[in-house]
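Consider the two complexes below, in which subunit A is the common component and subunit B and subunit C are the respective partners.
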Partner chain A sequence: MTANTTVTVHDPTLRDGQHAVRHQLDAEQIRTYAAAVDAAGVPVVEVGHGNGLGASSLQVGRSRLSDDEMLATAREALTHSRLATLLLPGWATTADLRKAIRHGVDVVRVAAHCTEASVTERHLGAIRELGAEAQGVLLMSHMAPPGELAEQCALMVGYGAQAVCVFDSAGHYLPDDVTARITAITTAVDVPVAFHGHNNLGMAVANSVAAVQAGAHTIDACARGFGAGAGNTQLEVLVAVLERYGHRTGIDLRRLADAADLAERTLMPAPPTIDSTSLVSGLAGVFSGFKKPVLAAAESQGVHPWDIFVELGERRAIAGQEDLIPDAARSLAAQGASR
Partner chain B sequence: MTANTTVTVHDPTLRDGQHAVRHQLDAEQIRTYAAAVDAAGVPVVEVGHGNGLGASSLQVGRSRLSDDEMLATAREALTHSRLATLLLPGWATTADLRKAIRHGVDVVRVAAHCTEASVTERHLGAIRELGAEAQGVLLMSHMAPPGELAEQCALMVGYGAQAVCVFDSAGHYLPDDVTARITAITTAVDVPVAFHGHNNLGMAVANSVAAVQAGAHTIDACARGFGAGAGNTQLEVLVAVLERYGHRTGIDLRRLADAADLAERTLMPAPPTIDSTSLVSGLAGVFSGFKKPVLAAAESQGVHPWDIFVELGERRAIAGQEDLIPDAARSLAAQGASR
Partner chain C sequence: MPSNTMNAAVLGSGLLGLDLVERMHNSPRLSCGLVVGRTSRSRGLAQAAELGCATAAGGVAALLDSGQTFDIVFDATNAFEHPEHWARLAGTGAVLIDLTPTSAGALIAPTVNGDQAARHQHIGLISCGGQASIPVLYALAQHYRPRYVEMVATAASVSVGRASRLNLDEYVETTQDAIRRFTGTSAAKAMLNISAAAPPPPFRIAMTMVASGLEQGPVSDVVECAAAAMRTVVPGYQVTSCTVTGDTVRVIAEVTATRNRMPVHAGNLEVISAAAIHAAEQHALVKAPALKELAR
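Our next item is the complex of A and B:
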């Protein structure tokens, strides 16, 4: 157990929170929140469409603002905090990347499913060439065991990643799961390691503390946990708890609480809570964005949505595999499962 | 660390949740929720005014229903679950107690501030004589160190308590705090030990797991965390997490999730979330019910409510000491603190 560690808090409220408002944040919302956390001393502020650079589309939702507008607005509001953004190689082109870095982005995260690090190679290389900090992200990281995650992280470091991040995208982890994975990764690579939690099992803060104690350097967290479903690790709560443990964040907690109040008033209809869909998707380790098609399939087949999520977990369904949902519902109905 | 423990889940949704709705739950709300958790196999259901038997009053709020009506309604709805209620010796008379037990209450909890176990003696004795199970509760338990808490628990066992409960009333604990206290208590007494958490620091579920691992037999939790401020440990999340750890609760989780959905629809305006008042009161170890007078004093003295909570924590203010609030605010203003 590491006490008195310095922890870098990375705030993706203005990127991951977009999922909760269909990517509709406007310039005033971005400007005022970015200025508030900048004033509180949050070291890194991540901004963008929920799915990252170039993702605004009919398929995953058009954002209110273009990438250019979002990044320029945030850049202007930040006086000390570094500006970060994220990209998924399926959406962002090298041209998107070049424009983002021209807008003053300091850190670019390149994200891939936890077993697919190889798809990050080209973008990580391009970010390094363009002079920004390159970070590699593994999504749905509970789907790979600690050793494999560590290998995938080592691949990303080989491609030029200057930090690696594991996302608990489904909110499935308990603290021991996090300890095992962060320990394996910090042993395998010598760049900073970040952890990004979701609160489906009410464990996001406890998991983040476990990550720090296992050697994580950076923790992601959003004001009031702003994000889809059960939300992310709650930023102001995380900072308070890290300080109770004797870790240093460099953040003014009273100002951060004011920024979180602002976020609650101006960014979100209501702070996230853990509903039954979030709970079962976290338990089953399934993407919580499946909620709507699962409810529809449950209705049409007369089975309980809970059972469909459990079945999708057993089938190891990942985001994009929505076609598994009606099939899972039909097979449950055939087995005689009922609401 | 104890694995594969059997944990008794105690559900005070219909008592502690009353604080969030000014004690206004009606008979239909009580009946349908009690029936739903009974069907899910929740072993103990606690019902009453938020402050317990005999507390309905102008001072702390009149409940919509009388104690008699609440207990009779719940008793009728429960087929397997035991019925519990709570009392504070300042409010409840022996006559209240006798009526409650005549209504079929199986378990009565007698609660006192963590250093004042002696006030529970008469009521614990009366409960035993009347043939119900007597449990002793220590409120605001973070204000006593582990050794003193254990001594206070031993006193209550001497008075006839057949179980002892520690309440983290301010939501101040981190898991290590809980481990130290539950360990000290289980060493000192040989009756079952219960833990009751609040979520001010986002740690209610993690703290409850720590309590079980330190030997607690019973964990309190409310549907969706229903309760004042940041709310209680979230019942359905707790049960899911305990099962992930391999502990047994005897509860049907899918049915429990349905009961929690019902609770969200029928009992509460919205599930609790952690706002800045809840956060700072948890951090400072202060009763979160101080919110309104703190905001008023902050306004009138031009100081930040955050600083008043911190000051009240340093003065070790407890519930009922509202008169400390204006004084704390004035002294901060005199020191030149500002919003």
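Our next item is the complex of A and C:
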């Protein structure tokens, strides 16, 4: 894709960032950040529990606020930006979806593991019926080859998706991996394609640029990269880089940089960094959100967190399977692995 | 058809329907009179015919037009169609055993209240996650008063068919509803993951209960006792861990299938199919209590 194309920046700071703070964002944090990015002209702001609607649970962590409270707070603060949220079938139901749309959500993303697009059929259809924009998301997309991802995206478009997104949930991609996948998908479907990067290998911005060059229309990015483990594509850096490439985003970068400073001050104890556990989760192709429970399991079983991530990678664990983590740690301890 | 057996029909010709047919072949009290699919091209119907069953295409209408009288009808279709099946079958006097995730019938789990199955003409089997978790959760709730209960099931992708994928809302809602009813807690949450891992993993259920007074020893005893009872119905049921931390107990169970047609990982299908046959046999025992002796 040549320069001067328009890229839509989708900001899930207030959803994916929740993984870094155990889903504890409060109303004031949501209100001030949403207002700041709204003022900077960020077109889409995604809000919710890190795992989406209905996900507050002991399995993945309880959120401080209910879905209703988070969405109502954000809706009030957003005057121009569209409000988005995420839903995983099997975790949230159509009842949760209806409530979210009553709160004024404009865009709902329905997410499935990268080979399981068929679970999105019902909810994508329901979103269309309810009049919101329906987007389909494939999680852990590195676990499927480009051709299969393209087929799964085509299925979601058949179910009613008005855009399709691939998530690099583990931060495993290099730019060539992204180019191959986005190229395959843009060839297979005629709806906008989005890319959502994680920064475990330090490649999130480079991967996002590769996605745009391969025809992606929308890029996800979070202030300071706020997200699980190594964090996501860093929003303010992404917008600056896209500008240097000559792409339009419609965002006021100076105001966005202020919003990112605000995010660092008010949302996070410290900006994400690529520590060793984040690095190995990217290498092993394991969801970054497993970091905290992996560290806890490593501590309790006296094994090295690096080894737990490698073990989880071998088991092809996916987000939502947090209950596998203590198992993996116990089995390593039983094999005599140590810290 | 042998006398003294209950004549049963199966609505649905997927893997679950075929397993029911095989289980009926092994039961002295149940005989399979008909398997009904949606279309005549269904591969499952051809397999049911190979097993020696009469088959028909065209859904519940074909069942009603078959000229047979059924004592029992298993509904292995989907939650969208089940209400119509009950509406059309209730008047025939057949017992309807619902393997789809609806809350319409009397909710039955064999090791918990299976002995009550014969009292109901309409039986609901909750969900595979419900069948695999409620025996343990119910047993714990007899000793502790849960403030919150959570269940996360993980099924192998290859064992989750299209009907189940379209019924995830009903799966979640019916399972939560059943957990609330069987444990007496008002706060329950159920979730389902679908794992694409290779080789396909066994059906896995992570259960969490929050209650006061939990102690590792007695809790483990209660859980192991419930699991042993489960194994009399589902031989591949194993508790792989049970950990008490403060006010929280976390139990992981895995279910493998141990029968011919079922792949080992399809414990999700096995638990509900076993529950369905168990409920049907309860009815058969009431109708012909001496049959077991006669058959010997």
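In the analysis below, the second predicted complex is superposed on the first by the 288 of 339 C-alpha atoms of A that agree within 3 Å, B and C clash if a C-alpha of one lies under 4 Å from a C-alpha of the other, contacts with A are read in each partner's own complex, and residues count from 1 in each chain.
To be clear about the criterion, a residue touches a chain if its C-beta (ideal position, glycine included) is under 8 Å from a C-beta of that chain, and two chains touch if they have at least 3 such contacts.
All values reported here derive from a predicted model rather than from experimental measurement.
> Would you check which partner chain A:115 touches, where first means subunit B only, second means subunit C only, and both and neither mean what they say?
A:115: touches subunit C, not subunit B.
> Answer with first, second, both or neither: which of subunit B and subunit C does A:93 touch in the superposed model?
Once the two structures are laid over each other on A, A:93 reaches subunit C alone.
> Applying the document's definition of touch, where does A:202 land relative to subunit B and subunit C: first, second, both, or neither?
first
> Who does A:321 touch here: subunit B (first), subunit C (second), both, or neither?
The answer is second: A:321 touches subunit C but not subunit B.
> Any idea whether subunit B or subunit C touches more of subunit A?
Higher number of touched subunit A residues: B.
> In the superposed arrangement, does A:306 touch subunit B (first), subunit C (second), both or neither?
The first partner, subunit B, only.
> Kindly classify A:59 by the partners it touches after superposition: subunit B alone (first), subunit C alone (second), both, or neither?
A:59: touches subunit C, not subunit B.
> May I ask you to decide whether A:245 touches subunit B, subunit C, both, or neither, giving the answer as first, second, both or neither?
first
> Once the shared chain is lined up, is A:178 touching subunit B (first), subunit C (second), both, or neither of them?
In the superposition, A:178 touches no partner, neither subunit B nor subunit C.
> What is the shared patch of subunit A, the residues that subunit B and subunit C both contact?
The answer is that subunit A has no such residue.
> What does subunit B use to touch subunit A in their complex?
The touching residues are 174-175, 199, 201-206, 224, 234, 236-238, 240-241, 244-245, 254, 257-258, 260-261, 264, 270-276, 279-280, 282-283, 304, 306-307.
> What residues of subunit A sit close enough to touch subunit C in their complex?
Spelled out, the residues of subunit A in touch with subunit C are 57-59, 89-91, 93-95, 113-116, 118-119, 121-122, 143, 315-318, 320-321, 323, 326-327, 330.
> How about subunit C: which of its residues touch subunit A in the complex?
148, 150, 152, 154, 157, 162, 165-166, 168-169, 171-173, 189, 191-198, 201, 204, 206, 208, 210, 240-241, 243, 248, 250, 252
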